[in-house]
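Please go over the structures that come below.
First subunit A sits with subunit B, and in the next complex the same chain sits with subunit C.
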Partner chain A sequence: MTYAVECKNISKHFGKTTALSHINLNMEKDKIYGLLGRNGAGKSTLLNIVTAQTFPDDGEVKIFGESPYENGRALRNICIVKENGMFLKDVSVTGALDIASSFYNNWDKKLAERLLIEFQLDKRKTYRNLSLGMKSQLGIIVGLASRAPITIFDEPYIGLDAAGRQLFYDVLIEDYMENPRTIILSTHLIDEVSNLLEDVIILNKGEVMLEGNSEDIKNKAFYIRGTKDRVEKHISGKKVLSKEEFGNTMAVAIFDSISDNEIRAMELDDLAISSIPLQQLFIFLTGGKMIKRGDINE
Partner chain B sequence: MKLPLDENKLIYMQIAEAIEDAVISGELSEGDQVYSTNQFARLYGINPATAAKGINLLVEEGILFKRRGIGMFVAEGARNMIISKRKKQFIEDHISKLIREAEKLNITKEDLIDIIRNYEGGDK
Partner chain C sequence: MNRIKSHLKMHYLNSKKSFVIFWSIMFAISALGILISIYFKSRGYESVIITNSIVAVVIFGAVSGMVCYNETLPYMLNMGITRKDFIFGFAIYNILLSLIMSVIYTLLSIWEWLMYKLLGFNYEHFGQFFSGVKGIFEMTWICFLVTLCATVLFTLIASIYYKKGMMFLFGIGALIMLLMFIPGVTQAVFGFLESLVLSCAGGKGYIMMTLYSLAFFLLCYLIIYPLARTSQIKR
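The block that comes next holds the complex of A and B.
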């Protein structure tokens, strides 16, 4: 199987700092991925390597089976939208879209025009005169209209308001269904995007901490609450992320699979069970406590 | 507008339950075509693969069936299947909880049955 993006044992150092350490990842064609990680986790470095803007110290990247370095054909398959602009300061919005349209083979002019209207973005403005939010709008238009087989959004919405972000999510999912492609969303707004993601990759301190189908991950993350002795009885042997006690009550967050029978037994003991939303799980996993990869991935 | 989802539950389970509810209420009859994966994705603002997972769960249970190239349909006997499944769940979840809570409050089974019999409201 040819993957859209293949990372083999990638490492990258900046001076004495290790930005990425032995990253192995395969991303499939036509899936939406969420790339999550705290500040400094290595997300942007990884994306810069995938898009051939930085060399790794070690390891290998492949885009649809080819190395992207000095490979125009491979690079035309990738569109990356970053938070800090990508256009020459004196180019107008129209000019920027023209440049993008000449680069991407699948450019959808109609979609770009529709989004200009929906975002109410003034086509004649030059890039330097755009507000932060407007620059984000332009980036999003380029990313969506590029229809690139691999489209990457790296924190694309600095300064963009909630309505603008919702418009982005709505158009993203709608256009993805009509024109499936590999989409990588790197973001801190996990609550807002979690329902859009098919797979999740969590980077922590330069390493892949967790990867998998987002519903499967959610199906292993539970809050359990009840009287202390009963909670302890049922969670023995399970991987516990967090534990809190107040009086005789105990609330725990666990990251482990629970069978239907176990759930039933917990309910018979009056324990309350609910799923942990992805954003909260992310905070538990990356919140500073040392959890090694081996502790959470079997 | 997007329909709301409960973030404490798995999304694909909620999609499956929404379809089951529509069959129980009669909104969807046996033989009717069900919303497509893409329509569910649009309606809830979710990844189409997640919507497909919910639909496939019901295909596996025989509640929906696929007509190649056309879409998903409600199977014959689906309503009874869902109702007997839900009845089982109802007994396991609600009745057992009810009895345990009653025991805590020193309500005997006989008293509980009387309470249910005399309960105002809820009768058809």
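The block that comes next holds the complex of A and C.
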């Protein structure tokens, strides 16, 4: 099977700092991926390597089966939008879109024009004179209108208000339904995007901590609350992310498969079960106190 | 080829503003010079008027080469262009910019010559490197060659700076200065430069200058190419 993006044993160091350590990932065609991780987890470094802007110290990357390094054919499949824009400062919005349209083969001019109107972006302004939110809007327009087979958004909406972000999600989904492609969304705003993501990759300290289908992941993450002894009885052998006690009551977050029979048994024991939102799971996994990484790594 | 076209379009849009500002200033200075000359003429000044704008043109080319390289390499890598295509496109940009600058410089010189002649001044165009150069073509061509050499030299400096950083660049500067202290090195370098300049003198000097400039251009790009091929986007 040819993957849209294949990373084999990627490692990258900056001096004594390990940015990425033995990353192995396969991203399928026409899927929406969420690349999640805390600041400094290695997300941007990984995306820079995938797009051949940075070289790995070890390992190899393939884009639709080809190495992207100095390979125009492979690179033509990618559009990356970064948080710091990467636009030329003295070029106007019209100019930036004009340049982008000449680089991306599938450029959708109508979509770009529609988004310009919807975001109410002043076409004559130079990039230098745009506000932070407007710069993000321009990046989003380029990313969406590029229709690149692999479209990467690396923290695309710094400074963008809630309405602007919602518009981005709406257009992203609408356009994805009509023109499926591989979309990689690297973000901190996990709750907002959790419903968009088909697959989730969580990076922590340069390593893949968790990778899989977002629904499967959500279906394995539960809070269980109840009396201490009953909770302990049911979580025995399960992967526990967090445990809090209040007198005789205990609340635990677990990340493990729970069968229907187990759920019924818990309910019979008066235990409250609720699912953990993806953002909270992310916090447990990347910053929680009770993580046993060996248990979590899928 | 389409990617090179897109590359050049990007350079056009990126440089347009600074280019227009530069030439607006140049033409404004020229117009101001003419106004000052008219004033002096009204006060009885009848001597020679000397103008020179080639230095400004060369400096603009050099600065443009340096700034553009650092600004557009990460941008182009982000747009998915290969480093090889970037270098090829940048070399074409260097040539086109130098050529356009030279043509406008020649037009400015012709405008100044016409204006001063019309006003009845004894006009001298100072700043040509070789006294034998009188024709419009030669003037344009030599301005092109000098601007191209300056542009490509500063592109080389920019590529070293991008790849290795400012300290490395300072290190090279310090090393060159140290080498100059070795007995005989300074004489040898200046002797070589002198013979180079002398070989370009005379009526057909611009042919030698063309060959030297072409060699210098290729030599610089032979160094720039491997530097760019291994350059990464900055964190």
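Definition applied: the second predicted complex is superposed on the first by the 290 of 298 C-alpha atoms of A that agree within 3 Å, B and C clash if a C-alpha of one lies under 4 Å from a C-alpha of the other, contacts with A are read in each partner's own complex, and residues count from 1 in each chain.
The rule we apply is simple: a residue touches a chain if its C-beta (ideal position, glycine included) is under 8 Å from a C-beta of that chain, and two chains touch if they have at least 3 such contacts.
For clarity, every value in this text was computed on a predicted model and none was experimentally measured.
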Return first, second, both or neither, reflecting whether A:Tyr3 touches subunit B, subunit C, both chains, or no partner chain. neither
Once the structures are superposed on A, label A:Asn48 by its partner contacts, choosing first (subunit B), second (subunit C), both or neither. second
Of the two partner chains, subunit B (first) and subunit C (second), which one does A:Asn219 touch, if any: first, second, both, or neither? first
Return first, second, both or neither, reflecting whether A:Met177 touches subunit B, subunit C, both chains, or no partner chain. first
For A:Ile32, using the defined touch cut-off, is the partner it touches subunit B, subunit C, both, or neither? Pick first, second, both or neither. first
Jot down the residues of subunit A that show up as touching in both complexes, subunit B in one and subunit C in the other. none
For subunit B, which residues count as touching subunit A in their complex? 5, 7-12, 38, 41-42, 44-50, 53, 92-93, 96-97, 100
Subunit C contact footprint on subunit A (complex, rising order): 14, 45, 48, 51-55, 70-72, 75-76, 78-80, 82, 86-91, 95, 98-100, 102-103
Which residues of subunit A touch subunit B in the complex? 31-32, 169-170, 173-174, 176-177, 191, 195-198, 214-215, 218-219, 264, 267-268, 270, 274-275, 277
In the complex of these two chains, what residues of subunit C are touching subunit A? 2-3, 5-6, 9-10, 13-14, 17-18, 71-72, 74-75, 77-85, 229-230, 232-233, 235
